[in-house]
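In the two assemblies presented below, chain A is common to both, partnered first by chain B and then by chain C.
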Partner chain A sequence: MDKILRINMGAAGGPQQSIEKAGEFAALGGRATTSTIVGKEVPPDCHPLGAENKLVFAPGMLSGSAAAISGRISVGCKSPLTGGIKESNAGGQAAQVLARLGYAAIIIEGQPQGDDLYKIHINKDQVTISVDNSLKLLDNYPLIDKLKQEYGDKVAYISIGSAGERMFAAASIACTDPELRPTRHCGRGGVGAVMGSKRIKAIILDDQGCENRQPKDADKFKAANRAFVEGIRKHPVAGEGLPAYGTNVLTNVLNEAGGYPTRNFKTGQFEDATSISGETQAALEIERGGSATHGCHRGCVIQCSGIYHDKQGKYLTKQPEYETVWSHGGHCGISDLDAIATLDYWDDNIGLDTIEMGVAVGVAMEGGLLEFGDSEGAIRLVRDEVGKGTPLGRILGNGAAFTGKAFAVERVPVVKNQALPAYDPRTVQGIGVTYATSTQGADHTAGYAVATNILKVGGDVDPLKPEGQIELSRNLQIATTAIDSTGLCLFIAFPILDQPETFQAMLDLLGSFYGIEMTGDDVVALGQKVLSLERDFNKKAGFGPEDDRLPRFFSSEPLPPHNISFQVPDEELDQLYNWD
Partner chain B sequence: MDKILRINMGAAGGPQQSIEKAGEFAALGGRATTSTIVGKEVPPDCHPLGAENKLVFAPGMLSGSAAAISGRISVGCKSPLTGGIKESNAGGQAAQVLARLGYAAIIIEGQPQGDDLYKIHINKDQVTISVDNSLKLLDNYPLIDKLKQEYGDKVAYISIGSAGERMFAAASIACTDPELRPTRHCGRGGVGAVMGSKRIKAIILDDQGCENRQPKDADKFKAANRAFVEGIRKHPVAGEGLPAYGTNVLTNVLNEAGGYPTRNFKTGQFEDATSISGETQAALEIERGGSATHGCHRGCVIQCSGIYHDKQGKYLTKQPEYETVWSHGGHCGISDLDAIATLDYWDDNIGLDTIEMGVAVGVAMEGGLLEFGDSEGAIRLVRDEVGKGTPLGRILGNGAAFTGKAFAVERVPVVKNQALPAYDPRTVQGIGVTYATSTQGADHTAGYAVATNILKVGGDVDPLKPEGQIELSRNLQIATTAIDSTGLCLFIAFPILDQPETFQAMLDLLGSFYGIEMTGDDVVALGQKVLSLERDFNKKAGFGPEDDRLPRFFSSEPLPPHNISFQVPDEELDQLYNWD
Partner chain C sequence: MKEVHNLQLTLVPASLSAFYPLIQQGLWLNVQTGCSITSLLTDQLGITLSYLNERITTLFLDGKAIDNPENAYLQEGSTLALSSAMPGLVGTTMRRGGHLAAMRDAITYQSQQPATIGNGRIRIKLFNMIMAEMGAALLHYGIWLPRQKLNIPFACQNDSFWHTIKAATLGGQPVSITELQNHLQATDDTQEFFLRVIFAE
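What follows is the complex of A and B.
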């Protein structure tokens, strides 16, 4: 990863490409790379869909190597949803292929005149940027089918559906899985809209003729990788729960804890939770000839995904994630797994963040557009309104906060305009701190305090009390920012938090790959550095302490069954970034 | 005005009223009263459409007296459009009647459960709050027709149309003129949505049996009033231009100055300006049997309004104001006065801010929804989409910024989310300072630097240069805030800026009415005090220096024909409130 590809889409006479030396970014990756570039090159007060914004793709530090589960790709920009800096990452094949092609980053800048639509093909010899208006308004599945006819199936695809072209703030960027299904999405923050604003429909990455990236100390690397994989496999969450039931294993856990936000965060338990739980879903997938265990990229040793077939035993979608099952399920009072899987398919196809879309639909239900529980209505909204770009689709496609404004709904679960994920911050107060203070807007992956609050991974902090949540969230946000830079899947956090030898193995993987000594302090320093520059960007974009708050109803409405409100004081939230 | 009426719409068992002594507010009025109450009683971080927001009505300090042109009523709340404090004022009969009834303010707080719709009847003996669901979704003209059957024509009506009930952020509050037409609107900032959120459809004010408010020093008051009226009548703008042609006299003036924002602020001159000028409009009104001279309330000595008849000689709407003719006209590339008057009628009827709606339609045109110049399309959008509450209507009805987001438009002329009025800040740099820094969002009435930049009233500051604009805007914002508290029409600013004896007459009017000595310093102190507390509210609501900025394109795109961009540096904008 010694080079950076820069493409100016707004150059006179058409897009222009240039190759730069990677410099400091040669030994960086993922979120550290995207946020550093965005922080340096994007004016914080620019319009997110204008020529001044940039879209940065970066594989992780270990992507493209033989390191296990190192296939996360980061996308960075100023977010059209939050108005702040955004890093959104996904699995799939893209990171590995891009890293093997030798690119530390792709920086897309400027904006073309006119309405031509472009695709970018990258192989070991060249980068080709071409107009292809035949792709206009294709959604991701038919788009990839069409591109496969031209580029085959030995490549990785990055693409946007119609939502990205229409620049909806809930638009995602899709990456294909090993079977070339566009199912792994950089979902959050509207990164797909920024790709749409650059008029880029797809990036085709072809690493034929490229080798794996080689570690500096091959023996140490091999040993570290072995210990790392062992550590993952022996951990109860990463080695058992996730492979067997996927992320949706959490439905029953959160519902039992009373932290499963139901019908737009009105209660913490859903009476139909078991009908949509991971256990039920896995059994159904197996029964119908799908699969409850599948990796989103080659080299994954957790295999938390799966394949969801319809009643006729035909592929419908990948195994819907916990957050998706929640947002389209419990949040909307919907308990029909097939309906939820259909919504997952349409989200992936149209190119939408499943969290933002599900929460938007639930907010519209609160606003009286549909009854809670109306699964047919929910499908109609996503498929026929958002998918066809109708005015109602433009409302929903711009996210939960936008939908709340359109329908004058007061109870809108967002922070920095981004929809809250599937953990009620009143029952899981640590995740509430993360939602409130993350540079990314409400984002469970930014500092997954659920681990320690509920799963008792990395310690045990009482989820119902304010004490200790700031420190917990701070430490997790720092660690997560570093992990988001390595290319390693965030689920390694479970074993590395619980098992010191697995944490050491991760340090050794990084150290042996780059030929350096890597310590825990280095990880913390990296995380702090990146978080600080993200926060600095947000401050310049206009964010202040009042943006580091949950919506007021979390403080004023106690949540059944625990009947507790969010208790962490504002003054403590304002201390989260005080680590200097 | 020795009492305040407080109505808690959220009380258990139904709305509850109470009467309080006016206290400090007995000698205050208008904006000073509404902003002080909102500042004291409304949490700056509350949801503007929730129970914590309050809606405050206040007549001016001189309203209900024999003082000329003292009929402005102020409405205050947290704005659902800007998210900051809002004072929106209008003419019509309401201020005079409310003041004669003895109320310094009506404070409406809380929020009822359920969807009953209420009306409030106030006469000298009692306040009656009653459910009247027969009024649901009536627009203003049919609503007033219906209410007149019950309450007659010796009253003043305050009401919302369907837009207010639907809680659109562009919804206005209508006040009836002397002929009981709902044509005088507290337009800006979505105050109608707040009234809708309180489920109040109409307030009927009946002052039968009440007398004019009496001055403490009757002789001095009478003499001051005479001098004041004389001063107004002899000024070329207030005594000649406005009575003859109305506010639309400005179309030719601004167009000649190259500061007439055309087709979403792309140029500063509209080739068809003369077809929609005040001169053309007045001739047409007279030709069709309407009138080019009409007062919005009894006691007005400027008479800047008029009556606009359709081709058949039938009443269509009141004389559309300059801002309306611009927003639906030049801003949208529309040059058909009848189409503009039709839009004015629908705005008034549905209950919409004409500036916000016109700018929203123009932004939608920029986003490709309609061609610029499509007058039939524009009418269809307002009448059939906004007026019927369709999803597209919900987009447009929530204002220009919201419409811009829905259609992913980068060039959106708003400050603090509120649409810019009819003066391009590149050609009239002083008004740009007011747009950027006003506590109200972009608002020409907040500090009308056009007066000195273009009309050469109150001095002469070159409109194309940054020098002197901060001081000009600062002084005008302070003076305006005070005038907005007196109940006097803002158009008295022209004579009082130019004629020291008319300024003195205004001071004498206030002084003799309250039996105090009133000096220019007192006016400045009042304006500063109110502005400071408004700004304090906004800070607590999350506004920072980055919110005191024009959209970036005003700095980056020079405006033809002068080819000048907005030049006032950010650091100077940040000095506007430094008067301590």
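What follows is the complex of A and C.
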């Protein structure tokens, strides 16, 4: 990955491309690359849908190599949803192909005049930017079908649906999976709207004739990769639970804990949770001839995804993730898996963040637009209103906060305008700290369970001391930011948390690939550096301590059944970034 | 007084999955109460200590996360939920005694004095891998449920469950499938059953 592709969509005479040396980014990846470029090149006070914003794609540090589970792609920009810096990442094939093509990043800047819609084709020999207005307002599934006729099935596609073209703040960027289905999405923060604002409908990545990226120390790399894979396969979460049930295995456990936000965060338990649990979903998928075990990209050894068939045994969508089943399920009082899977399909097709969309529908239900539990009504809202860009659809498609204002709803679960994911912060207060303080807005992956016990970021924390919430959240956010830069799937978190030898194997993978010695301290330093520059961007964009807060109802409304409210004081939240 | 119907089924092992919805909702067992979770699982239900320690890493007693099952006590009416290790930050947080346990301090079970020993019913929910691995043992131990809940396994997969029944007894007497179907049809939904299931090839 020795080069960066820069495309100026606003150049006089039409889009212009240039190739730069990757420089400092040759040995970086993912979030480290996107956030550094956005931090350096995007004016924090710019309009996110204007010409000054930039859209940056970056594969991970190990993408395109033989390293297992290294296929996450990061997208960065100023977010039209939060108004702050945004990094959103996804699986699929795009990161591997982009890295094999040799690109450390693609930077898209400027804005074309007029209404033309563009596609970008990249292969080993050239980059072709062309107008293709026949793609206008196609949604992702028909779009990919059409592109396949021209570019075939040996490529990876990155695309936006009609939501991105309409520049909805909940719009996602889709990446195709190994079967070329547009099912893996950089969902959060409205990155699809920024791609739409650049008038780019699709990027076609063709790595035919390219080789895998080669490590500096091949023997050490091979040994590290073997140890890494063994560690993942033997772990009960990565090697058993996720392949068998997918991420939706969490529904029963969260519900039992009373932390499953139900009917727009009114209670912490959903009476029909077992109807939509991962266990029930997996059994249904297998019964209908789908699959409960499937990888989102080649080289994945966890295989946490699946294939969901309809009642006739025909493909409907990929296995809906836990957050999707929650946002369209318990959050909306819906207990019909087929309805939830249908909503997942429409989200993927239109190009929408499933969390933002589900939460927006739930907020609209709170506002009286529909009854909680109205699954047909929810499908109609997404498919017929958002999907067709009606005035009501434009309200919903701009996210939960926008919808809350439109329907005068007081209980709107957002931080920095981004919808909360599927874990009530009153039950798990530590995740509330992360929701409140993350540079990304409310995000369950911003402070993941990443080996802080091994990294000992900022020293040891007594796990049974309640006052450790801030320190734990800080350490998790630092460690997660570093992992987001490697391009490794976050689900490696569990083996590296529990198995020091697997953590070492990960360091050896990175070290042998780049010919350096990596330590835990290096991981921490990288995480801190990226978080600091993201924080700095947000400050310059106008964010202050008052934005690092949960909505007031989390403090004022106790959550049944445990009847607890969010207790972490504001002064403590303000101590999170203590290394700045 | 309510009539109790004593039903025993012998099924092929593959039919355990028909009980998965029921197992997730919770199985009511008559046990000695007042004991610790560890004592219940090992002494009464025959689970090995190593299985408990290594496999059942996430436990809830009446919705409270358990760090030490030896110091958590069951009473009549308690609900115990058992799970293997979970993904995600919150899944990791819920693990017993885990590094991140402080993050869910608000719902952590606080150790109490042992309750008085007695007999009573408790509800046990099994999730994910534990459901597949321990479900048969609980069904073999015997569960209490209303007639209505029997519809969950019996109606599974378009009634194909009936074909997996190798033998059935009602009140200790062997019955044919037709006799069992007739009996169930004639029984009010609220009538109570004691069901024991034996899985055999």
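The criterion applied here is as follows: the second predicted complex is superposed on the first by the 561 of 580 C-alpha atoms of A that agree within 3 Å, B and C clash if a C-alpha of one lies under 4 Å from a C-alpha of the other, contacts with A are read in each partner's own complex, and residues count from 1 in each chain.
Just so it is clear, a contact is a pair of C-beta atoms (placed from the backbone, for glycine too) under 8 Å apart; a residue touches a chain by one contact, two chains touch by 3 or more.
Remember, predicted model here, so these are calculated numbers, not experimental data.
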Chain B versus chain C as contact partner of A:274, first or second or both or neither: second
First (chain B), second (chain C), both or neither touched by A:49: first
Contacts of A:431 with chain B and chain C, given as first, second, both or neither: second
Touching partner for A:236 - first (chain B), second (chain C), both, neither: second
Which superposed partner A:178 touches (first chain B, second chain C, both, neither): neither
Chain touching more of chain A, residue-wise (chain B, chain C): C
Which of chain B and chain C A:244 touches, first, second, both or neither: second
Chain B versus chain C as contact partner of A:394, first or second or both or neither: first
Intersection of chain A interface sets (partners chain B, chain C): none
Of all residues in chain B, those that touch chain A in their complex: 45-47, 49-50, 166-169, 193, 196-197, 390-392, 394-395, 398, 402, 405-408, 410, 540-542, 544, 546-547, 549, 552
Touching residues on chain A, where the partner in the complex is chain C: 236-238, 240-242, 244-245, 247, 249-250, 252-254, 256-259, 269, 274-275, 277-280, 283, 287, 304, 322, 423, 426-431, 434, 444, 447-449, 452-453, 461-466, 468-469, 472-473, 476, 491, 493-494, 497, 561-562, 564, 567
Chain A partner contacts - residues on chain C that touch it in the complex: 17, 20-21, 24-25, 55, 57-58, 60, 63, 65, 67, 81, 83-94, 97-107, 125, 127-129, 131, 157
